[in-house]
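Next up, some structures in structure tokens.
In the two assemblies presented below, chain A is common to both, partnered first by chain B and then by chain C.
What follows is the complex of A and B.
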């Protein structure tokens, strides 16, 4: 039986971070993963992450994955792939299925970072080919470069639902609608706004009645639900789609921890059946830790910090670092974790109705129902000001943990302050130079540059654009408003795509003066998007 | 169905195109990609029929967890096509129950 100081199960963001932290402290670490490639779901995350610098904000998930793999290699972490951990026992022994053989390993500490699995809802026809998980869509398009379908209906408006919908559009699929039985959009408003302005309609308080088709999906019927989630007769709507994508939440994959005998609880706020852990992620069994989604559903950024915490705690437990070093380390990590957990989407606010931001601004009901701010609503947020010449217009209206816009502005035009969930404020006394760094750095794509003085009759609007084909200067098209409706003809007057923008191209379009605060997307003639 | 150029990921670099046998038809796919990806591109939606209700199943989770996409591959049933790499000349068959023989 092989022995290690630390055995990590799962090579996703939490597991890799735990392994790196422990290995950097001198521990002998092995990571087992059942997949043929390491990284968990990180390599499917092609959007820019939220947070602040310390959380690697504005980096795309797959780039963070590449960075983690490099760090793991540098720290001499051993990663064993195609290795399914099938047993975890009280004395920190594990059994692993490798090439159809069961191999025993023993660790002085074990860190379980097995992540989560997707939830499903059973509607009529849900087993038909063509009904897939949102994760499956991401896997097919972002890892294997295959479209999961041509016309897709998304069930679920949480962050996974809206992010994957946007990625489907980027892959050239049509998204017919985003449907959710809840009465409000569950994901970040900025993520919803990204798809709404492309013309994707939201149907809140709606559910799938039936997936149509005999052998595979040929369409879908949805209907409105009442307050008891019963379909209201007469509200049925049919969509001609070939794919139904289901994004209705995740459940921790905590089976190994239960098997080992860790104290468990059913905790809806954490997404299901989770181990009871102390502040270091240690379970009721000394030396067995849990990190990432397996101990409560959050997202990759917090999973990485939880991994670091458990890795450091394991190093302390085995005598590789002293109490003081541990405490300094943990204090820093806890601070980073706590800043991510603030705001209206933080775990503490799960399921709560929030009507005002921390600053006292009204939360847009339209944003929660339809995915976009109305022309009137947008004017009242502190990121939206009328200033002479070019200036940023920040349509960020919910308290989410994110501040790259403040960091990147060389002119200090954007102020968020210490608390990273605060709404960005555009400072009227600073002078914007129109560099566009804020536009490209905004993971929510909610920053635009507007210049009302562009030409006598025209206002210029600079917007983030992550689709193909990339328009050129002079390309003519249609300007769409926040809801995806066509508002006027327009022309691209500038395209910027330096490598620092990391594939977020900046298109500047010119629109008639009165459209400057309406035009938020550019549609090319003859292009799906 | 293939995404040849992606706005974030760039050009897809999939390697060598090979042929394989699906229920007696010759299809093409890239060596090493999941069998399920090649089938998807070829428009194959149904991977198997269940033993109990003879109802169709296809790709569902695409990460080897749900086992909905299993097929008979080179004579071996219950192969998860979403995580099994395509090899030139592979024989891939629709699975009925637990074999390639159609259910009565």
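What follows is the complex of A and C.
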């Protein structure tokens, strides 16, 4: 039997972070993962992450994955792939299926970071080819460069649903609609707004009645539901699609912990069956830890911190660091974790209806129902001001933990303050130089540069653009408003894509004066998007 | 005995529903109707349903259908799904060929 100080199961954000933390303290660490590539879901995440600097905000998920792998290598973490942990037993022994063989390992500490699996929902025709999970769609697009379909209907408006819908658009698919049985959009408003301005309609309080087709999906019928989630007759709507993508939540993959005999609980707020853990992620069995989604569904940024906490706690437990070092470390990590858990989407607010921001601004009902702010609503928020010359317009209207815009502005035009969930405020007395760093750094793509004084009859609007082909200066097209409606013809007057923008290209378009506060997307002629 | 497992409790007659033919467990091809009937046959726990029908015992080991089966059983018993105990978890966690399971260190 082979022995290690720490055995980590799962090489996703939580597992790698735990392994790095422990290995950096001098522990001998091995990570097992059943997949052929490390990183868990990180390498499917091509969008920029939220948070602040310490959470690696505005970095794309797959780049965070690359960074973690480099750190793991530097810390001499051994990562074993295609290694399926099939058993976790008393005395912290595991059995692993490697190369047609069952191998026994023993660790003084074991950190389970097995993540989660996707939930499914059964409807007539749900077993037809063409009904896929959102994770499968991401795997096809972002790992294998395969389009999952041509016309897609997304079920689920949580962050996974809206983020994957946007990625489907980026890969060249049409997204016919985003459907959710809930009465409001579950994901961040800024994520919803990104797809709404591309013209994707939201159908809240709707569910799938039937996936049409004999051999594979040829269409889908949805219908409106009442307050008891029963379909209201006569509300059926048909969509001509070849793919139905399902993003209805995740369940912790906690079977190994149950097998070992850890105390467990059924906790709907954490997404299902989870171990009971202390503040270090240690389960009821001394030396067995759980970190990341397996101990409660959250997201990758908090999973990385949970991993770090468990790794440090394991190092203390095995005598590699003293109590003082542990406490200093944990205090810092807990602070970072709690700042991520603040705001209206934090775990403490799950399922609650919130009508006002922390600052007292009304939450847009339109944003929650249709995915975009109306022309009137947008004017109320502190990021939207009329200033002479070029200036940022920040259409950020919900308290989410994110502050890169404040950090990147060289002119200090944007203020969020200490609390990273606060809405960004544009300072009217500062002078914007139009550098565009805020536009490119906004993970929610909700910052635009507007210049009402661009030309006598024209306003310029600079917007983030992450589609191909990239238009050039002089490319003509149509300006779309926040709801994705065509509002006027327009022309690209500038394209900026320096490496500091990390593939978020900045298009500047010129539109008639009255369209300056409406135009929010550029549609190229002859291109799907 | 907890209330959920009380077989003397009257859960009413089995009444067929329009979507009883819908497959719930894809791996073992078990329908919603079969699961509902099993509850009326006296299978009140997920473990019993698994042994009786093999729902959740196939290739994916219930990864896809566990929550769906739980919701159907809970619906039939008229209780919250959270009150149904999860199934046993035992090695091997993933489907595995017998020759590999038996191959421990070349012995």
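Convention: the second predicted complex is superposed on the first by the 529 of 529 C-alpha atoms of A that agree within 3 Å, B and C clash if a C-alpha of one lies under 4 Å from a C-alpha of the other, contacts with A are read in each partner's own complex, and residues count from 1 in each chain.
Here is the rule we use: a residue touches a chain if its C-beta (ideal position, glycine included) is under 8 Å from a C-beta of that chain, and two chains touch if they have at least 3 such contacts.
Just so we're clear, the structure is a prediction, and the values are computed from it rather than from any experiment.
Enquirer: In the superposed model built on chain A, check whether chain B and chain C fit or clash.
Expert: Taken together on chain A, chain C would fit alongside chain B, as the superposition shows.
Enquirer: Angle at chain A between chain B and chain C: what is it in degrees to the nearest 10, using CA centres?
Expert: 60
Enquirer: After the superposition on A, what does A:101 contact: first (chain B), second (chain C), both or neither?
Expert: So A:101 only meets chain C here.
Enquirer: Which partner does A:468 contact after superposing on A: first (chain B), second (chain C), both, neither?
Expert: Only chain B is touched by A:468; chain C is not.
Enquirer: Which partner does A:258 contact after superposing on A: first (chain B), second (chain C), both, neither?
Expert: second
Enquirer: Applying the touch criterion given at the start, work out whether A:119 contacts chain B, chain C, both or neither, answering first, second, both or neither.
Expert: So A:119 only meets chain C here.
Enquirer: Now for A:85: first (chain B), second (chain C), both, or neither, which partner does it touch?
Expert: After superposing on A, A:85 lies in contact with chain C but is clear of chain B.
Enquirer: I'd like to know which partner A:500 touches here: chain B for first, chain C for second, both or neither.
Expert: In the superposed model, A:500 contacts neither chain B nor chain C.
Enquirer: Tell me which partner A:433 touches in the superposition: chain B (first), chain C (second), both or neither.
Expert: Neither chain B nor chain C is touched by A:433.
Enquirer: Contacts for A:127 in the overlay, against chain B (first) and chain C (second): which applies, first, second, both or neither?
Expert: both
Enquirer: Examine A:273 and indicate which partner it touches, taking first as chain B and second as chain C; both and neither are also allowed.
Expert: Once the two structures are laid over each other on A, A:273 reaches chain C alone.
Enquirer: By how many Å are the closest C-alpha atoms of chain B and chain C apart after the superposition?
Expert: Value for chain B versus chain C, nearest C-alpha atoms: 5 Å.
Enquirer: Check chain A for residues that touch chain B in one structure and chain C in the other, and list them.
Expert: 34, 117, 127
Enquirer: Enumerate the contact residues on chain A facing chain B in the complex.
Expert: Spelled out, the residues of chain A in touch with chain B are 34-36, 46, 60, 117-118, 127-133, 135-137, 139-142, 144-148, 150, 170-172, 215-216, 466-468, 470, 503.
Enquirer: Within the complex, which stretch of chain A touches chain C?
Expert: Residue positions touching the partner: 34, 84-89, 95, 97, 100-104, 117, 119-124, 126-127, 251, 253, 255-256, 258-259, 264, 266, 268, 272-273.
Enquirer: In the complex formed with chain A, which residues of chain C make contact?
Expert: Of all residues in chain C, those touching chain A are 19, 22-24, 26, 32, 63-68, 82, 86, 89-94, 96, 99-101, 103-106.
Enquirer: Which of the residues in chain B come into contact with chain A in the complex?
Expert: Residue list for chain B touching chain A: 1-9, 12, 14, 33-34, 37, 40-41, 45-47, 55-65, 68, 82-83, 85.
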